[in-house]
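Look for chain A in each of the two complexes below; its partner is chain B in the first and chain C in the second.
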Partner chain A sequence: MTALIAIRELAKSFGPVPALADVSLDIRENEFFALLGPSGCGKTTLLRILAGFEMPDRGSVTLDGKDLVAIPANRRPVNMMFQSYALFPHMTVAGNVSYGLEMEGVKGPELARRVRDALAMVQLEPVAGRKPHLLSGGQRQRVALARALVKRPRLLLLDEPLAALDKKLREQMRIELKRIQHDTGITFLVVTHDQEEALVMADRIALMDRGAVAQLGSPRELYDRPATRFVAGFIGMSNVLEGRATAGGVAVAGLGALPATGEGIAPGAPVSLTIRPERVRLVAGGGGQVAGKITGIAYLGQDLLLQIGLPGRADPLVARLASGHPLADGLREGMAVSCDWAAADARMLTE
Partner chain B sequence: MTDHPVARLQSRGTRRWLKGHAALVYLFLYGPIAMLAVLSFNDSGLPTSWGGFSFRWYGELLRNPAILHSVANSLVVAFFVTLIATAGGTLLALGLEQGRPSTALDSFVMVPMIIPDIVLAIALLSFYTTLQFTLGLYSIVLSQSVFVMAFAAAVVRTRLRNFDRSILEASVDLGADGWTTFWRVTLPAILPGVIAAALLSFTLSIDDFVIAYFSAGAGRSSTTFPMQIYAMIRFGVTPTINAIATILVLVSVTLMLTAQRLAREAQP
Partner chain C sequence: MTVRAGTIPVAAPADPRARERLLLLAGPLGWIALFLVVPCLLIGIYSLFERGTYGGIEWNFTFENFRRAADPLYFGILIKSLWIAGLATAIALLVGYPAAFLIATSPERWQKLLLVLAVLPFWTNYLIRSYAWIVILNREGAINNLLRGLGLTSEPLPLLYNEFAIVLGLVYAYLPFMILPLYAAISRLGADLIEASTDLGADGWRSFRRIILPLTLPGIAAGSIFVFVYSLGNFITPDLLGGGRTVMVGNLIYDQFLTARDWPFGAALAFILIGIMMGLLTLQAFLINRARRIGTYD
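Entry: the complex of A and B
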């Protein structure tokens, strides 16, 4: 796959605060790419630079090898779906969708056909003649999507596309967006603060923190092999134990040597051990590497979340196990339990 | 309404007192206007005796060349003031809402609304004299535009305040330039505000006496309608004036209701 968008050492500050600090990344042709991060991490600034609403202070952005920054916003082959949807309130649904094509000089039967096709793609033909204020939130969202897609951009930017929808609709639309991206073959770049949304939809995720890319990779890579403590904490839930690297793991004060893996870390270096709750195994009858007392049990339907208090530590170890686990029925608060994990499931992180 | 928390806090006596007060206010406000309208149809022309229903004074009005001339003047002035003040006020509102919020700029725009008409009138008159500007209808248009524009800008700005700015970015994103965005997105989106501003401008212009009087110059040719009424009233209230006033009330109420209806229909 070739790079559609190449971003190199892009920097932008608002006053003394750097919003983007030398960001470099490639977005490939035909991929569903997510910019993920907490608010203020610079993801929206990057999106607005790609749309042409902000100018970078330094760095370059190319699209198909051509300088994108020099092209004014209204002539870029890039369209955006706004977080507020930004529908034109005085135009009908069809009017909103045809606006962008009219700007390109598309007329007559071709205009009508393309508007119809775009509305059909998002199942909105029955409401083509309505004004936006008569539509539901979900319908408005789909008008905004059709309006941006009808121009067949090289890159579609989606700013928190699902944030304004209720939970059930949001889950449906994740699948729907994925389908539309697949059917149209247009490269999607979605900005979101919702890690679950990014994990479900994206082919690749750039997780951003304070204006820089903390980690770039597939959802699996980010989840299974977080590069920093920030990544481990932002994507999903992680237990973190501080200690010093040893030959086969981490020596944690009060708990002894615990198994973990990490590449190129010198023994004795200060490290954090991170372990996902679902990788923590309960060991029947004691004999695990870590022993503690259950301080809380949360029933989540499919799964149980256990808080295990460890001697001399304020934060409990969180373990997630299936409700059907053989030990699940006997668990009570205050019970002594023992657990362990495979060395491959625990990561040693230096940052 | 009876279980409104504030209403319950008031005693029965207080409520009765407030109702009585409201009735008096309405009586004082609408009583004379109603009387005026009734008298305009009084054939006898005397406020003391009813001589039967007639359109006589309205006919008289149409045969009075001085009144007709002044009405024509007022309409011409109001037309141009509406045009200038609405266009200028809209641009002013757009500029103020787009720029960095500035209390100083905001207050300067409000000044023509706040300072007494008479002060503005004298200031403009001495300004024209300094420039050795010949006075006439166009100087009335100019003077009225100054203060009416401030009102028009204020009306458009209330519309701009709950205006989603991202639709302008959306228009540019979809390929439109600034000019197309203004005509196809910005203006239609704020149009109800602009129309309301135009109706208000027209009413303010027709209604204005002080500023027009000082800007009109000496000649009778640039007498506007309120100035004509003022000239006539010096010889007592004639039934013709009642007829004029009734027409004025009718026109301004119609304009106001139209403006309100437009504003309501435009609300999503």
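Entry: the complex of A and C
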């Protein structure tokens, strides 16, 4: 696949604070790309540089091989859906959507047709004549999306597109955004702090931390093979046990040698063992690698979350098991349990 | 049968704070009644009777005062006053809009300082400020001396005691009333609307015309009506800077009460002026209400 956007060593500081520190990444044609990270990680700054609202201090951005930074914001083939939606309150829904096309000089029947098509795509035709203040939050979000899509940009930027919606609508719209991206074939770049949102929607995720890309990859790669402790902690839930690398795993003080995998790590090196709660297995009748006592049980519907207190450790080991698990019914707080995991499911991380 | 709360028609419970609210309102309402409504009623009543020989009122009912106000001599002054006030308003808008825009879009820590600077002249006595303009504008004043010193003019320019000086004085005096509502309207606009307009392909001018201007219209209306209403009723500036030759309706009213001792005619002119101002202020309230309803003003 070809790179639509090539970002090279992009840097930007606000006063003494670096917002972006030499970020390089490619965004491919027709992909759903997510910039994920905690607030202040630089994802919004990167988005605003792509939109043309901020100028980088150093580095380059090209679109289709052409320098994007040199093009003024109003002439870039890039459109943005604002977190606040930024709908024009004095214009109708149709007026908001047609604004961008009017700026391009689109007129008459073509203008009417394209506005109608954009509104149809987000199921807003019935409210085309309404002003934004008469719409629900979900409808406003769709107007903002239609307005940004109607010009058929090469790249669509979405700044926390679902943040203002309630939970149920947010979950529907994830699927909806994915469908619209697929149907239009436009490259989407979404900025979000919600890891679940990024995992569900994106083809690839760049997880950012303090102005740099911590890891770039598919949702699966980030989840299953986090490169650093930060990634393991930010995406999903992880148990972290500090120790030293051994031939087949990690030696953890008080727990002994535990199975884990890691590439190119010298025995004896200080490492963190990370293991996802759903990869921790409960062993009936004892005999697992780790023994402890249940200190808490949370019922989540289809799953149970167990907190297992380990001898001599403040943080409990968290295990997630299906409610239908054969042992699930008999679990009580204070009960002694034994657990283990496959070496392939536990990762050794040095950073 | 199920009974849901709120569906049973019971007498609304007395708001325990209603009495407090009434007490709190009594002060301001009393003040307005005593010093605004009563004088306006008095003016209205005066305007419908004949003048006394040495001032005061002869209690003979008549519409003569209003008929006389339509006389070309007086009507002309009213039209001229409207023209001068309109001109001052237009210039104040042209000067005040960029100023307000600059203040509203400058860094937050500068905004307060710039606003204080814009309002600073208010803290000086109005008369003293008017006299200062005489010092600046007269034949031997700062501007004429500077122009002659630079060799740009040989004769002093007639800057004072004419319509130009009145308009200048009014613009200067009431500019803050233009800047403040415009500042409020522009800062409410939000940078993201302008960014959205840019993002959709608009250049600066088109963003201004299609987004900024329509959304700051309530501010423009508020500021313009303030400046216009204050200018129309002003009599000190025309007196001092107009040199008594260009008379505005404010001077005419002043003269009727204090020089000509024709209270009823002065009252009729004042009543007409109040009518125009009330009309404009009602229009302003209407425009702002409408903007609030469609969400372009809060």
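The criterion applied here is as follows: the second predicted complex is superposed on the first by the 351 of 351 C-alpha atoms of A that agree within 3 Å, B and C clash if a C-alpha of one lies under 4 Å from a C-alpha of the other, contacts with A are read in each partner's own complex, and residues count from 1 in each chain.
As a convention for this text, contacts are C-beta pairs under 8 Å (C-beta built on N, C-alpha and C of every residue); 3 or more make two chains touch, one makes a residue touch a chain.
In this text the structure is predicted, and so the values were computed from the model without any measurement.
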Specify the outcome, clash or fit, for chain B and chain C once both structures are aligned onto chain A.
clash
Does chain B (first) or chain C (second) touch A:100, or do both, or does neither?
both
I'd like to check the shared interface: which positions of chain A are touched by both chain B and chain C across the two complexes?
51-53, 73-75, 78-80, 82, 84, 86-90, 99-100, 103-104, 131-133, 147-148, 151
Touch list for chain A against partner chain B, complex
51-53, 73-75, 78-80, 82-84, 86-90, 99-100, 103-104, 131-133, 147-148, 151
Residue positions on chain B within touch of chain A in the complex are 164, 166-167, 169-177, 180, 184-185, 188-189, 191, 268
Chain A residues touching chain C - in the complex, by the definition given at the top:
51-53, 73-75, 78-80, 82, 84, 86-90, 99-100, 103-104, 131-133, 147-148, 151
Interfacial residue positions of chain C with respect to chain A in the complex:
190, 192-193, 195-203, 206, 210-211, 214-215, 294-296
